[in-house]
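These are the structures, in structure tokens.
Below, chain A partners chain B and then partners chain C, in two separate complexes.
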Partner chain A sequence: MFREVSRCLRLIGRYFLLNLSSAIEYRASFLLQTFGMAINNATFIFFWWIAFDKVGGPIGGYGFADIMFIWALASSSFGLAMVVFGNAPALARIIYSGELDTYLLQPRPVLVSVIAARTSVSAWGDFAYGIVLLALTQPQSWSLWLLFALCVITGALLTTAIQITAGALTFFMGNASMLQQMALEFTINFSIYPESIFHGAVRLIIHTLLPAAFIVHVPLTLVRSFEPRMLLILLVVTTLYCAFSFWFFGRGLRRYESGNLIQTRI
Partner chain B sequence: MTAAKARKYGAILGVSLRSGLMYRGNVLGGLLFYALFIFVFFSLWGTIYRAGGVPGYSLPQMIWYVCVTELIVFGCRSGVFGQISESIKSGAVAYELNRPYHYVFYRFFSALGGIVFSFLFYAASALALGHLFVGPLPNFRLWMLPFVLVSIGLGAVIQFFSYLCLGLSAFFIEENRAFMFIYSKLVLMLGTFIPVEFFPGWLQTVVRYLPFSYITWAPARMAVDFSWGHVASALPLQLAWAAVMIALSLLLYRKGVRRVNVQGG
Partner chain C sequence: MAAIEALYLRKHFRAKVKGEGFSASLRSLVRPEYRETVAVRDISLTVSEGEIVAFIGPNGAGKSTTIKMMTGILHPTAGSIRVLGYDPVSQRQALSYHIGTVFGQKSQLWFHLPPLDSFRLLASIYEVDRLVYRQRLDDLVERFQIGGLLRTPVRKLSLGERVRCEIAASLLHWPRILFLDEPTIGLDVVVKHRIRELIGELSREDGVTVFLTSHDAGDIEQVCRRAIVIDHGRLVLDLPVKKLKYDYLNRKLVSVRFFEPQSLPAFPGVTAIKETGIAARLSVDTRAQPIGAVISALTGGGNVADITVADPPMEDIIADIFASRKEERS
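Then we have the complex of A and B:
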């Protein structure tokens, strides 16, 4: 078990270095996309600045600094997920089009090979933006950065696991590309607004099916008033959700039929 | 425009309308995202108004405002920026230069069908979602509709030709995506998400001299808080910005096309 995990981590590391060197080969494009995405995200500060200025108090129990924290965490988590597992959002298309055949032939776990095979260049901008935003908008402390680093990792794992679960639905119901795209959009949108603005079924969804609450809102509670029990819940939920997505993909894979698509990976 | 030219561009428009109908799946997918955005803003503004509200707009006005602004943003998504940039970068533009039409007007009429089709779909969704979340728009009368539609149409023209100009910038700077990112965010921030009246005074003054708010804010404000004063100030400025963007796209095309080197093969 331990050897298997360490082999997977080594594989992810190799893919990461390979993808990074290929991304920075086109340096100008890399920098432009990174800065472009960071500026893109930064425009939302303007929206919240105007909203808080107009309201003159907290919105849904969140102050300006709280919103900046969830933005920083959502941005860096999403960025890390897409930098390391850049192929995850394309999972449904890969399964549906038969591109999975290439990965099935490799002597490594299929899911890890598929999702780590690509990186998103602009996601570096997301990742960096979160760190800069945290540095500029939060009262600085070691515990803040430590918790932030940990929650970026759990957030990235949850974001990827949501993508895997939604993408793997393709095994059972045909092309789930739209559903997977929706899952990503919903997760992002539920992560960048105060949790308390959502009620009823949506509140339930963000704690279960699309656990956006555990990507940003639970970490915010932890940062504002640390509770070991809450941290444990976060770690358990992340582990269980990731394990479920891994298992779900495996179950689906048994139903996969090759599309006889001829392709090459260079 | 002569009758022959009108027939020519009419035929291009006809093809794009049929194409829009054929690929309606794209619009249906977009409808889900449109509904998501409206829902999120409904939840956000609902919370804000329950806690006290914002002077100037009531909650129904605010939600209808977002319905109209997002209708314009979603309805105008024609892909013209990507198509033009790609055709310039790949050199495929060379095949379109010697055809018997003006490149800029061809792009406009070939996208118009899809845009009209999208607008119809998103308008139906805007009406449904607005009514579902906050009920009918207060104080809106049917006779106001033509003014609002003209304003929405002018906003769409400014938006379309701005994207076209950004696409044509590939003649001069190949990696032009950053411009598009920045432009689309300016449109979202300066009028789409929040009405211009919410900005601090100095910013309102700056924004009124820029084209961005005339794409979404001017029509949406007209729909939710109709006044003859707003019609008289907004429509001429929208018309002027539409003319500026059309002229700029013709100029960029004329300058840019001189830089194309066509090689055989």
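Then we have the complex of A and C:
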């Protein structure tokens, strides 16, 4: 088990370096996309600053610093997920067009290979933006950075797992690309607004099916008042959800139908 | 030990069917209808280690589906299959250390990076020791003459150069079986010839079993020793290439264009498929008439502007096989 995990981590590391080499092959494009995404995200600070100025108090129980924290965490988590597992949002298309063949021919777990085989260049901008935002808007402490680092990892894993689950629906219902895209957009939207504005079914969804609450809102609670029990819940939920997405993909893989599309690896 | 053993191998696909027009789309939304397609029907075959086998058939015959079941990509609906003693379904990862694959339509090299980077990643995926990898790479570089290509991004390589790199990449981990699905598709004559030589060398020198599908009769004639023909998912013929050559690959197509209109000389074994006076397309039965004699007769008068000799398309060869089998039966 330990050997298998370490082999997977090594594989992810190799893919990461190869993808990074591929991305910086076009240096100007890499820098433009990275900084472009950071600037795009930064415009939202002004939106929230104006909103708080108009309201003159907390919004949905969140202060300006809280909103900036969930933005920083959502941005860096999403960024890390897409830098390391950049193929995850394309999973439905990859399955539908029969592109899993290459990965099925290699002696490595298919899912890890396929999601790690590509990086998103602009996601570097998201990842860096979150870190800069945290540095500029939060009262600094070691514990803040430590928790932030941990929650970026759990957030990235959850973001990826949501994408895997949505993408793997393709095995059962045909092309689920739109559904996967919607899952990504919902996850982002549920992660950048105060938790208390979501009620009823939506609240249930963000704690179960699309666990956005565990990507940013639970970590915010942890940062504001640390509770070991809450941390344990976060780690257990992350592990269980990731395990579920792996299992779900594995079940679907038996129904894989391949295809004859001409393809290259980019 | 047999390299490949398949017994009553079968694969069904379920496909949604829809009538014509928008109303049919709406009906399909409410009540979708599905049709079951049988891609492979009870194929049984055995391939010994070291054999070079051509697996041929027209488009949609089930060639790629069969290869995908042999390599663990697809799960068979029924039947059993063992490749080098492994079950490709339950032992996919263990099997993949021993097989190499080249799908003409699917690249395993990174498009924006030089082949060397992809090779290094593949060596690590297949857990090839670093020193051993260096030696293997040197050997493959020399064999495939790709030394000058290793540091050029794949996107800047010609198709022929890319295919040579693809085959080299599939051999980095010393596979015992090489599955080649249309490896020469889109290549020019010279590069095709080189690829065929290399495949032959692999079998002779390294004892690699080669399982090849191709639409090019030349690939089969020049590389393989045994041919398995399938059609509509059924195995219809399994015979030595020598016999296939004698019985079915005995036709050449000659296209000729003249400077001045002329009538064609009559030859036994030569049939005019099309004749316009200024140009003609002939089918030559090489058992009755050596191709050299036909060309000499045509070019002898000095009136030939252009002449090409080609193998008939694989579809025609398969059609010939079916026609002759029908005759045999009747």
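Following the convention adopted for this analysis, the second predicted complex is superposed on the first by the 259 of 266 C-alpha atoms of A that agree within 3 Å, B and C clash if a C-alpha of one lies under 4 Å from a C-alpha of the other, contacts with A are read in each partner's own complex, and residues count from 1 in each chain.
What we mean here is this: a contact is a pair of C-beta atoms (placed from the backbone, for glycine too) under 8 Å apart; a residue touches a chain by one contact, two chains touch by 3 or more.
Everything numeric here is computed off the predicted structure, so don't read it as measured data.
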Which of chain B and chain C A:S258 touches, first, second, both or neither: second
Which of chain B and chain C A:P139 touches, first, second, both or neither: neither
Touching partner for A:R108 - first (chain B), second (chain C), both, neither: second
Touched partner set for A:P228, first chain B, second chain C, both or neither: neither
Partner chain in contact with A:G200 - chain B first, chain C second, else both or neither: neither
Contacts of A:G57 with chain B and chain C, given as first, second, both or neither: first
Shared contact residues on chain A - chain B and chain C: none
In the complex, chain C residues that touch chain A: 13, 16, 64-65, 68, 71-75, 92-94, 96-97, 99, 101, 103, 105-113, 117-118, 121, 124-127, 153-154
Chain A residues touching chain B - in the complex, by the definition given at the top: 28-29, 32-33, 35-37, 39-40, 43, 46-47, 50-51, 53-55, 57, 59-60, 178, 181-182, 185-186, 189, 193-194, 196-199, 202
Sites on chain A touched by chain C in the complex: 10-11, 14-15, 18, 21-22, 25-26, 99-102, 104-108, 113, 174, 254, 256-258, 260-266
Residue numbers on chain B that touch chain A, as the complex places them: 29, 32-33, 36-37, 40, 43-44, 46-48, 51-52, 54, 175, 177-178, 181-182, 185-186, 188-189, 193-194, 198-200
